[in-house]
Each structure stands twice: as C-alpha cells, then as structure tokens.
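These notes open a run of structures that come right after.
What follows is a pair of complexes built around chain A, which joins chain B in one and chain C in the other.
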Partner chain A sequence: MSDSDSEEIEYQYSDDSDSDAEETAAPQEDSGDEERKEESKDEKPNPLKTPSGKHTNANPNAPPTGSSRFSLSPDYSSPSSSTEDPRLVPSSSLKGEMLNVLEEIIEMLSIPEEAAGALMRCFKWNKEKLIASYFDDPERCLQKAGVLKRVRMLEDRQDASAPTKTSRPLTPSRTSPRTATRSTPLPPSSPLPQTCLICCDDDLTPSEMYSMPCSHSFCCDCWSGFLGNKIDEGPSCVYAKCPQAGCEEIVSGEEVKAMAPSKISQWDKYELRSFVDLNKNTRWCPGTDCTMVAITKAGVGNVKCSCGTSFCVKCGEEPHTPVVCKDLSLWLEKCQNESETANWILANTKKCPKCATRIEKNQGCNHMVCQQCKHEFCWICVQPWEDHGANTGGYYKCNKFNDKSNSDDQSDAAKAQRELDRYLHYYQRYHAHSQAQKFAKKQLQQTEQRMVQLQDGSAHTSWIDVQFLKTATEQLVECRRVLKYTYTFAYYLDPSDKTGKKERFEHHQEMLEKFTENLSELSEQSLDKMDRTGVVNMTRVVDRFVKNLCKYVEDGMEIED
Partner chain B sequence: MSTSARRRLLRDFRRLQNDPPSGITGAPLDTNIMLWQAVIFGPDETAWEGGTFKLTLEFSEDYPNKAPSVRFMTKMFHPNIYNDGQICLDILQNQWSPIYDISAILTSVQSLLCDPNPASPANSEASRLYSENRREYNRRVREIVEQSWVDES
Partner chain C sequence: MSHQRLEFSESFTKRQLKEIAKFSVPGFDLNQSAEGCPPGSLLCTFKGPSDSLYTGETFTLRIRFPTTHPFSSPEVIFHAPSHPAPLHPHIYTNGHICLSILSSEWSPALTIQSIVLSIASLLSTSPSKTPPEGDEQYCRRVKNRSPLLTSWLYDDDNV
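Right after this comes the complex of A and B.
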C-alpha cells in the first residue's frame, strides 16, 4: 500500500503548486461552485482551469486518511484463490506455476523435465499444439524443439536392463560437475587422452570432459565459458544449442547447473521470464515496478493487481470492453499519429458558445456552466443544455455521427476531410470520457473525506451508511471507462451497415451516457443536498446497464427477443 | 577469459601454418594478436581466378564463444558482401559455433565467393546480375579481380 501513499503525497504537492498558478492566471469566479470544482482537480498544472482556492478540501494538513484509504483499494490484495480466473501470482511462485504446467507434459509424454521445458518453449506454452504435433510425428516434434537426443537417451536408459552397466550414471549428477561426465563411453581401464574441440587441448582425461545427451564432449572449462557467455548475452540464452557446429540439441538448466553453477539463478530467471513472455495465458502486470503476473485459463479477461493497476490479460492495456484488443491497438496507434495535428489541441479546449471564453473541462459532468456568462451547455455537442434531457422531449443526442458534409464530392481531399471529421467525432467523445474518467478517479480519492464529512454532518449516520458514495464514484469511473471505449468500438463499426446494429448500439450508448451524466451530477452534489436514495438507485441502474451493454456486444449485437 | 582467447588464437595460428588450406593465408598483427590480416585467393577456373582479396579479422576476448568480426578490405562485388566489406554469412552470425577456427572461417568465406546466396542480398545490384545476367556479373567480378592487384600495391 506504500504505493498509494506516495501517490497521495505527490498528488497533494502538485495540487498546491496548481492553485498558486491558478490564482494568478485565471479569472475570478463565483464562490457557489467552488466546492464542486475542488473535488476533482486536474492532474497537471493547468492555467486554463477555473480558479478556486478558498475552501481547499484536499488540504495537505487534513487528517491522514491512510488507513481508510486502504479500503479504497481492491480486494485482490489478499492471495487469490485458485478458482479465480484470471488470477494474480507473485513472481516468486512462478516456478511452481511453470512446474505445474510441465508436470502434465512430463507425465503424458514420459520425458525429462528439461526436455518438457524446451518443448513447451518451442510451442510457446501451447499445450494443445505441442501434443497435436507430438502425436503427429514425435521424431520431428522432438527434433524441432532440440530435445531428441535428451528424450531418446532417457528411453535408452530405461530400456537398458540392469546387468549391463553403462559408464553413464543412471541419473545425471547435478551436484558434482566435474564427475558428472556422460561423455562418450570409454572403457574405464584405458583413459585415453581426449581433445576438446573448443580450446584444442588434447591431453584431457575423460573426467575433465562433459557432454550433453548428444554426446559432443568438450572440456569443463570450455563448457563453463560457453554457457556463461550465452547467459550473459541475455534472455535468448534459453535457446542456446550444443557448441558443436550443426548440432540442434538445446542447452538446458541441467548443463548450467553442472558446468556453470554460478549462473544458474540467472538462467532460472530467464527461463521464467520466457515462460511469462511466450505464454499467451500469462502477462506481467504493467504497473510500474510491479512483478505480479496474471495467469488465465483461456488467455482473456481483465484483472486488477494489488498495485492498483487494472489491465486486460490479452493485450496489457486498461480493460477496454466493448472494444476488442486488435481494434484498440489500431485506435491507439491512430490517436498517437493524429495527436500531432492541431485538431488534437482543439479537442482539448472549447469556447463557450455564448461568450467565447476558452474553457477546459476539469470535472466529470458534461453539463457545463460558463463561469463568465452563466450559459449552460453540453460539453460534447456545445448545444444549450435545455435541449438535453427527457423533460424537454429531446434526448441526449450527442453520440451519433451525422455525415453533414456534401457526400457527393468524391475528390480525395473531400474524402480525407470526411474521414478526418468522422475520426474527430469519435475521438472528441473518446477523449471527453477519458478525461472524465480521470476526474472521476480523482473524485474517488477525495470521496473518503467527503464520506467522513457526510457522516459527521448527521448524528446517527454510520460509516456503512455513507458507503454508497464510494460505490457510486467507483461506478462512475467504470462508466467513463466503458463509454470511452464505446466510441472506439463505434468508430470501427461498419458505417454502411444496414442491419440497424449501429443504430441500436448508438441508442444503448446514448442511454448509458444519459445515466452516467445523471449519476455524475447526483454524486457531485454538495453534501447538504445529497440525495442518498437517488444516488443508490442510479448506481444500481447504471451498473446493470453497463453489464447489459457489454453482454449485448459480446453476444454479437443481435436483436433481443 | 583473456588468456583463453589468446591461447586459442595461438593454436589457430599454428594450425593455419602447419596445415594451410589452399588459397588462404593469414596472420595476426605483430603488435596485437586479437587483430588478424588474411588474404584469400580467387579459386581457379572461376571468374574470381587470380584475385587477391585482403580481409581483416577482429577477435574479442569472448572468442571462440563469440564470432570475430570479418571484413574485406579489398573492394568486392558479390551478392553477400556489403559495400563496406562486411560479409553476410550465417556461420559468422547465428550459426556460429565455438568449434570453428580461423581456418574454418576463411575456408567458408572462400567458398562463399563462388557459391553466393542471392536470397539474402547484401549488394542488390550484384544479386540481381547474378540471377538475371550472369555474363555481366562475371564481367564485373573480373573487373574487381583486376582492381585487387592495383589495391595490392
């Protein structure tokens, strides 16, 4: 939890410097909205932000909230049970996880552990693929993975009946490297001098030689140098082959233990790293300096790490339902490229439609009130707010892209312009919700304090009674996240689709947007006006709606019966 | 580490002197055993016949666990040799094995001259001519051969 503590300190620090900058840079504003503004401050120093600064809720001298802050963190800090999917494991238990997977292969194919590891690496830890390939052509499969000799040697040993003793030990000795010679069998009576092909020493005794199961012997010093060199080269050492030119037999931990024992911990590290990196069902937590690993059964799913980072196990990004990983990566790449254009800057600030003051939105709700002229408008479409909401008969019509430009113009420039317009339509909304998500997260950090205040405000209110505020704000973060990705999703929907899928999706999106705005407004109310029942109900409605929307997309957006 | 690389290079040198492959000479610099100069003669009865091609070989302390860096100093025209003399040869990269020695490296480079691999071109023009216009390719190679005598002086 030290993470969240340091984060808080950092945040409060930037908060202070923020308000300094604001007091000089921004115009004066009414005190009526100050409390609301305070609750969701921007992350970065922000000269365009509306001022505040009299009632600072996020006071660095405020009573410490460290212990209660703990409860804001997710429940994943406790060791995850094995039934969870995806589940998180610390890197210290990776070895066990890997061995569990190998165990099955070892048993099924009756091969040594080292061979199983190399085989699985070769098949990117896809057990089904390995097994299919193995039973299709075992010889080729083992050859491909560079373990043919290793497996065959074990079989030979098992076949060899007890009376004829071979010079090789039945089980390779792992503790005494110098004696662990499984090299070319020589009659023990005549120790002919041997030559190492690496250093070209030609007066070596058999005990000074060592070989992998492929029987290519080299002297122990050369082995040690060879393995040390490979391991120093980095993670690719797990693919190192026998030093003999053209030999495809792959090096394993067995050789490292015997010939370069000082490097074995490094080798083990690279082996585990390769296990996580290659495996489609595992992913390192992308959180800074976090060493947890998410493990899934099917390679999909979202997970929340004890370090506070949520991520999609398949692609490592923030959870992004309803968009699929592939579209998200296209989208992020596109946004990256487009961000260099001036349009991106335009998407970050807007002018008040009435008095043209430049405004940057610094809290979650899309219902904007200009501090200069008191004009109320919608942040997304910049139309008067009166046109929004059910009471005036007009719904929240802000999510559909209407191709207003003259579509008869088929020139390349016009097409490019239309495509840019289409992209900007979705990007602006994506960006708006992305910002709103950040504000909601900030709001979540301050919710604890508001909960304390709310509890203190009335004599017989318990801590449980004010939990609803936290739940609502968490729900708000979730809604903003999903809404953000609904625009990425909609961007990649076929615009020429005639089945009405797009319309239906946009309808649901519109509803979710409406509910979210409602919830945002309700939960941001000042404490004396807080409508607990309203917030609780809206949280429940929105939660259901988000889940249904995601389910609807998952099911292929067919019309419900 | 350093001694093992040097010891091995001395053995390589001895072997190269006692049992030199045909058309190949090589020796370390007087001042630095890690830096070698070699000459490969163009194989007889090929377009390369008569050419004397100079190379440098630079060894690291990790030799023979790591391949040396090998470069032609003579100007070359060959599908797998870059303009700056660097050679695109598998055994000098991912197929390197510590059992290779200097004599094996130079023999491989020599056989590469007459047996190029147009699939991994380092010189696209040479690669194109080799596959499409062998006459012109051979003419350009002979030009290089004659130039190699001039370089010598």
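Right after this comes the complex of A and C.
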C-alpha cells in the first residue's frame, strides 16, 4: 500500500518536472493516476463519456491541447477550471505543484532541491520573503533554515569538480573522508574501525556509516532507527535535525530515501501536508473526507470543489462576499457568544399577527400567508404585506435599522441596550437569510424531481427546456448566501459615516431583497402555474445584480458617475 | 514533541550497558540495582557542586529509558525517596527538571554522562533557592506522570 503510494508520487514527480506550464499540470495528473481516485467520482469516467456526450459539438475546432483539457472536466461547475485562480488540484498532484514552486528557487539561488524545500518551509512558502531575506544575508538565512552545510557542500563540490574534472565521490575532503559519501563507499584507504555515537558500536567499517552534509556520521542502522522514529512521531518530522547534539542541519528526503526507504512515502505525505498547511496560498477543501486542495496566486478568492463544497481560500469558510474574512470571523465569534441571547429572542416560529396561529417558516420566501386566516404579512417584521408595497414607498423596507430608541440617553445601560438592539437587528436578518439559504438548498435537492414532473407534464418539453428551474434555484441559494453576508457587512459599516455609503448600500441591499423574494416566489410556484419566461428573466436579472453589488462593494462603494 | 505511547524498557540495551560501563564522573555514583525503583532504572547520587548554593547537600537522580531510546530522551527526575529535590527555579518540587536537552533539544548522541553534567551545571549557576513559578499547580496537575509527557517551554537561557 505505502509502497505503491511512493511509486505513484515518484511517477508524478518526473511527470511534472517535465511540463513547465503550471496550468497543464493538473489535468495531466487527472488522467495519470486513475487508480488513486476511484472514489472521486466525476473525473475518471469523463474522458470515456466525452465522445458520445453533449460535449462533442462543443469543441470541434479547438486546438488539441485545449480540447483535451476541457474534455477532462466537463461536469465541473465552471470555477474549478484549471486556468482560473483559485484552482483546485487533487492531492496526488501536490508534489508537482510544490516542485513548480521549488524549481524557481533552485534556479535563482542555485541550491539543491532539499535545501530549497527546507528554506521555503522556514519562510512559510513566502517566496518574496525568502528571497529578500536571502539576498540580505545568505549565510544567516541558510543557517536559520538548517541547510547551510548542504548548500556549501554543493558549492564546494562544484568548485572542486569544475577545474579538475575529477569524479564526484572523491571531492569531499573535510574532517573525515566518509562524511559526504551519500552511501558511496570510499576506496579502503582508512581501515580504522569507526564508532557510532548512537549505538556506541565501535567496530564499524566506513561503508556502514552515513552522514548528512554536516559530516556527523552515525551507523546506517541508527540512521534508519532515528529517521523512522522521527517520522512515526508525526508531521513535525520535517523539522528533524541531525542527531548530533547542537547541530542545526535539517534532515531532508534525501536522507530518508537513503536510510529509511520504507518510510519515504510517509515522509512525502508530511512534506506535502506542511506545504499546504504553511502556505498562505493553499487550502485543503474543508469538505468531509475531501482531499482536494485549492491553490491561488492572489491569496484570495472563492472556489467550488468537485465534492460540492464551496469555500473561501483565504479563511476556509463558506464564500462570504461582500464581507471580508476578518469581519466574518469577528461576526461568527460574536454570534457564537451571543447565540443564547439571540436564540432566546428569535424563536423558530412566529405567531400570525392576526389570528395568533403558530407558523413555522419552511419555505424561503418572506411573504407569508397564514393558512388559517389568509392574513398576509412579512416574516421579518411581522407587519402586513401591503405595507411593503410600492404605494408605501418601497417593497422591502425591512432591511434598515432605525435607531428608534432615545439616543440622547447616554447612560451605559442605554448604550448597551442600543448596541444589543443594533446587533439583533442585523443578526435577525442574517439568521433569516441563513435559514432561507438552507431551505433553498433543500429545494435544490427536490428540483430534479420537479423538473421531471414538469417535463412529463407537456409532450413537447425536453430536458433542456426544464433546466431553467435548476438554474433559478441555484441562483436563489447564491442570493440568500450573499444577502446573509450583506447584513454582516452592514453591521460593520461605520454607523457614523456621513458620506451616504451606508444608505447607498442599504438601497442596493433592499433591491436585492426584492429581487430575491421575487425569484423565490416565482420558482416555488406550483408546476401548473410555472412561468418559464418569468423565471428565466428574473434569474438573469438577479444574477447580474448580485455580481454588480459585490463588485460595487469591492470597488469601495463610491458614487458611480 | 509527541509520544504516542510511552513505554519504558525493563532491561538495558547494549548501548546503555556500554554507557553505564564507561560512566566516570568524579563525585557521581551510578547505581543499577535500586530498591523500590522499577526495573530498568538507574540511580545517580551526587553532592551539590562546591561554590554553589547547594554545597553540602546530596541529591539522587532517577533515570529510566523509554523503549524508543536513544531516539527519544531518557526520563530523568530527582528521586525524592532518597533525597529531596533541590530548590531551584527550574526544578519542580516533585523532581521534574525543566531542561531543554531532556525534551526538544534531545539528540541521540547525548549520553547519561552529558545529562548529569548538564544538571550539575544547572545547580552551580542557580541564582536563588526558589521553586519555579506555578510549582504547586504543576505538581498537583501532573501527579505521578512522567515528565516526558509534559510539553516544556524554555524561556530562560541564563541558568
């Protein structure tokens, strides 16, 4: 098992170092290691399906490289295409990704691969930081990463071999002749028995000894035991140092390969794990049991994994535009801390304001119709629905927080009360849309069934014709998600801002609420009343609106000309 | 440092036997067979270094080897049944010693001899006979657990 793993990684290693284009690496891997990803559904069968599937006509005149790339992942939802940033790669192609990064460092600093890896780890895979620090003081930088001897030895070796052209194993001529042998036995010039400082065996031949570039030699058995033990201790093994007390030289895959070959696959795994964990530009997909990794150049962005999980690459939470990661984490913490207060105030059911029947909201729309008395009201403010009409100055007057309380009262208690009210205002709406998002997701699961029914309902309807329902429901989930976070965003907007930013944002938010409720209502319509054109148009309008809203926030919410 | 399972060997390995045979530090007495100690332990008795706060006192260290030794460090504590632990800012009253080479800085090339010498030097450079901060809480918390299971933080390079 572990052996085959290691072989696989080796294979990719060589495969990847050949291809210099970063983007093409991922799809190549996909086809390369089918046996590994039996379970990760989509990818494997696709290349087989393509010729007969709907994609045959998609790229008849596309260049061969392009067509093969796209045909590999036709069922991916668009954001995971490998040319995008962020992009997703299976963990099996991580080694290639890592080597791509390392290659640049190796070339720029002309250092061995092992040293480049340790250096990058030391600088948390921040290339710019490493390079700046290296050119500032190379000696200190190499020392800090524990690769000084490793790099110097390579330099010495190059210096020595360049003029004389002697064969390599003879070059190291430091304190003891067997130092840098790399398990290449030396000519038996010194038959003196060697002592291993670990096992204290004192009748060892030079060929039974091994050392890292720092020249501290120990017997091969002890090396194997030492490395095996470090790797068994867990992920921290990538920081293991030479067994000599006080020596700062760091252990690399080279030593593991030579002295503990049965552990190399485990070592490689820990090395890759550290690559992803330390690197600010990579993140494991947070989906359960998912092993995909998101890689980004910009350090930010949202991604949808093939396992269905969408996440923000920077913080790992659900995509949360327009809120920034920092505010989201503050918000989530606040909601956690205040959840009891909020829960106490927010019951999951509300009474109909007219007949007092308990109503549980189990659909997404906020336009409620009491089944008992047919009274129509808004779920959020429990006011009559008529009040939300255009005749009263706007459909959704529910998004604005009006500081009604007497703001002249400056006592601490009054301030705290106002702050709690302010928080609850936003939390209530955040929570309502969060629930609605869940409903919409549930609705999405039932959509396929509804699509089948809709298609069966009419003789001339094809499967393509009913796709609009799925698209609409997906859009609805997206709207609820964005709306949810607009309340987090609004909570952190400066309430004393006088430039009108807040008002403008709330206006857009209100529009989005309106569109979303419309879409929700339209798509939840019973099938016999389904208005296809209406739904399609609404979906398109809402999609564009959401994108513009996010863009508007991203651009700093200045007034458009 | 993670020790998934901590087991101590009940007999000595070839290396340990060699170390014991070679051990020679004037004033330090290394003993294999000790009453009331688990099998596989060593006791090392020594006098407080001259010109130190501990001159005239006698101390005993108990040394035990985990099965992973020499790749992980031996357990070394002051053995209270023989002599009480010295009062020292880095030595807890339950005998646990805060010394980097006994955990994170352990190297398989270190020996019993290098450990006891480090401990002796710890005593000679002691600035005061005071127990470490939080001694009482620590001792209450760890009870009879091995110090190898404690994660140590080193914040004082002076002593």
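To be clear about the criterion, the second predicted complex is superposed on the first by the 443 of 561 C-alpha atoms of A that agree within 3 Å, B and C clash if a C-alpha of one lies under 4 Å from a C-alpha of the other, contacts with A are read in each partner's own complex, and residues count from 1 in each chain.
Heads up, the rule we're going with is that a contact is a pair of C-beta atoms (placed from the backbone, for glycine too) under 8 Å apart; a residue touches a chain by one contact, two chains touch by 3 or more.
Everything quoted here is computed from the prediction, not taken from an experiment.
For the composite obtained by overlaying on chain A, chain B and chain C cannot both be accommodated without a clash. Of the two partner chains placed by the overlay, only chain B lies in contact with A:221; chain C stays clear of it. Once chain A of one complex is fitted onto chain A of the other, the partner contacts of A:234 are limited to chain C, with no touch recorded for chain B. When the shared chain is aligned, no partner comes close enough to touch A:484: not chain B, not chain C.
In the superposed pair of complexes, A:438 makes contact with neither chain B nor chain C.
Chain A has more of its residues touched by C than by the other of chain B and chain C. Contacts of A:245 after superposition on the shared chain: both chain B and chain C are touched. Residues 197-200, 222, 225-226, 229-230, 243-246 of chain A contact both chain B in one complex and chain C in the other. Looking at the complex, you find that chain A touches chain C at residues 197-201, 216, 218, 222, 225-226, 229-230, 232-234, 236, 241, 243-247. Residues 197-200, 221-222, 225-226, 229-230, 243-246 of chain A touch chain B in their complex.
Across the complex, chain A is touched by residues 1, 4, 7-8, 11, 15, 62, 64-66, 91, 95, 97-101 of chain B. Per the touch definition, chain C reaches chain A in the complex via residues 1-4, 14-15, 18-19, 68, 70-72, 101, 105, 107-110, 114.
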